[in-house]
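Labels run A, B, C and D following the written order; every chain starts at residue 1.
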């Protein structure tokens, strides 16, 4: 089958045999999305070799449980052992033996087919079209903030960054009723937010030391510095991006202001599916363009351009 | 001015002088809503004498700060001292010296005019019509749940009761992405929930000991018993109603299952206004009927009927 | 072997065969303690039939793992399945399939021998004598408060009740540095607290609505009423006792004051062993008397007297 | 009066007029302690000019309230406005207008006299001698950890650093019953811990990714790196030191492991006084030596030596 293969910081189209695993479902990919993590993997952010891609919607072709065959599904990306200390303490996304779809030791979804254990799959309600369902994984990642941190309806919340993930975070944080403002660099990003009634703020309007909760979603040193400046004493600063290399942090000021910095990654898929089914979020507004799998190299080139939001790939 | 007056468990129309307080704004009532608490006050739930009513939208006629005059406003019902231990510890709704609009030592809103300090008032955005703005207070009360308790997107949440407050709680809990089911007795209540994609559950479908969070919004012994049965060990049971008399509770079983029971009352108004402005909730579907202030006695009679949701009164 | 047997609300000495379970260690009991729960079980608080007793220190005589043989041990009382939803979510003490030593479907420790899985056992450090080690279970129960609730060093904490469990709660709460006062009825109870520098308060000195955290350890309606009166708005009231029958609770006032009521039961044993080893607590001051197993009926009679603290039984 | 004066990164003895402030008590210093922060201030960690010193015990000579005169006192170091947003939200130690004794815009305690508002003072119980009372401030700082973070009795806790503050943190964390291990570099530091039954661990024994809570109290990059390595996914890493310059932090790994980093500074004094009065901690074991105020330069020179713990200065 045709795939997008990553090796030595190079992506290429490659033909590989169709996968087959006894204990996993065989899934025909219907659509896959390009995530910032994919772009970072290409740059060498993590030493991965294999088929890229972890955002997808597909159809189950083969499974040990016949009731799944023919179902339209999305799938959680962490395949876990259920036996290590992390799993037994309710932290399966931190499984010590996990493989991760298209990221750690497991071929991904820029391919005609992929495999996942049935335990990872969720049926997609009929009212959620493919081009929405393909956002389940990043939408779940956005919701991990509320899974980790109590967002009070009265909180003053600043979101820095309105790219692929930032837009989804903005949509979900808005549902809490919190006093949300977003720093969005690009006109197109700003337009999407305004269309949903979400307020934009420019950097120089941001009052320092006044925000209860700040979400950093740019992955840049300048984004972190702005977040640090904005947060109030004893406030919570959520790191919600990938960061290249190391950040410089003034720990003495973190100590003096007793700031809480918390990293945030993945969340289960069901809440994301529920919010899409209830039309409380609409990730499809992020779609920039769709390419065939044969044009995946062009798709990646396009996705890497400044300000481009979601690029989809269809096998 | 004409008012609805409560005295000795009797309501009557009464003419009283127009209020005037040096330190408070004079507000012309545009619409007021009948709340279950009003009905309970009539039954003697709390020893109040004076003008009833605390849910309203109005227009500022007089104020020390001229910028407020002519503004359409809603108002928080607790008038607080800012000096007692509760106020100084960030719990102003628990002010030890508070008066409460139409509930404790302060005339309410079933009247042509009322007064409140400017600090209690919030401007109503133009996009929120009067018949929506009048729900700000009960919607804020619904949001107090999220203000007190972290509702995880993955939580299994059971709401018992889908009356005036229950409907608003259902709409706001649904925004968290949680796995929400509602026990709703009346067809009309069920219909409103289904129209928003919120799932109904019948009592005999409720798995005992399996729900992370249960919200009791019926105010009845049977509602509490159901809530107690449903909650999982170490789960959280939110009391969100008024309760006549005393409940019987088996504390040994609360101890054995380490249940957390938490009372929940008021919340600031701004999150409620934000959610209405963003059209993420729609309380107007609860409106049953509207009466003139002159027909307020009929309005109360109607509001007390089983299954009737919101009854509005217009001076 | 000789045992203290409970059947139909009657205790009696009974000879039964020595236990033997393939998957469990055989333990020779060195000392066992009488707990209020034992007294309640005799009164029919819970429908248990079998050998009573769950507080013990013993010596391993037989075990599948030879390294345990000859070890002096204490043992957690919940024997769990590690497979149900509660176990898999980090709540093993709430296992849906649990048996409980001397309480639910498992013979207890007022006997010459008992059995428990090795997973339940903890070696007792040499510096902890038998008469101290026998307190590991109730001391762990006391520590469950800190396991569930964050006790801030600045919290004003009221403990109501200074009996068997109350004394241990007082000793452990004092270690948090909190502003602790204890309601103790009996002179002897007061004396033990004063000897450790723990402050006594009389009921009429208790300021209502001023305490951040109240622990109810009397199991009585009057104790609960006092706790309710003492707690501040949004304060936490921990239920730490067994309660006969049902309590009457005014839920409206719980709602108005947004009180948090939380039941509290068991905790793992290791923290209790650590605190005893470090001599930060001393439960032996609670010992009233010790009886031989042959005098267990007298021991129970004595333990039931007002103001009597810990009665030990030695096979 | 004689003082130790800091100016342009230079300390010197200087004679200045005795202070006098209408709204503050005049305090005669009985003993003062040298803190790591003092040493950092000399190095230019913060641009302070004036009398150094913030740990002290003294006697009130003059006060508006006569009941304080002659009292032996300690004093909280933050002098606050009670009017800014931080003060009104229960965060007075983060007052936006604060001065800080010997640190920010307020002369300190290496002097014959100092002044503080009565609101900052606490009477020292007779059972606490001067050489213990002088530790109230750093002991309170240690307790801020429990004020911010819930330390569960079952938590595996690693403390990195056993210097002046580390020793006090070790003593107070041990009181929680948690599973505590301390990384202590110097033999003398190790000896003090062992004498209290607190366990030492060497760096190479520390299992990576296994600790629920890690407290970093070295202020060094290597200390932070070790802390980062030790903490488990979703664990909490408390920063409890001053840090020179900026730290390099790999944020991507913080995100992947969803680590919580929290800065920690000051706490109210009363819990510290309570623990010393109850003899649950003993800070006096940290005392290395005492110098007269005239020898304060020698005292600072000595305090700066590797491994030296508390150096006291007596006017």
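Following the convention adopted for this analysis, a residue touches a chain if its C-beta (ideal position, glycine included) is under 8 Å from a C-beta of that chain, and two chains touch if they have at least 3 such contacts.
This is a predicted model, so every value here is computed, not measured.
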Chain pair, C-D or A-C, that carries the greater number of C-beta contacts: C-D
Greatest separation from chain A - chain, by CA centre: C
Distance from chain D to chain C - Cα centre to Cα centre, in angstrom: 37
Rounded Å distance, chain A centre to chain D centre (Cα mean): 42
Euclidean distance of C-alpha centroids - chain A vs chain C, Å: 47
Residue list for chain B, restricted to those that touch at least two other chains: none
Chain B residues touching chain C - in the complex, by the definition given at the top: 45, 85-86, 91, 94, 96, 148, 209-210, 224, 232-234, 239-252, 254-265
Sites on chain A touched by chain B in the complex: 143, 146-147, 149-154, 172, 174-179, 196-197, 267-268, 270-272, 274-275, 277-280
Of chain C, residues touching chain A in the complex: 88-90
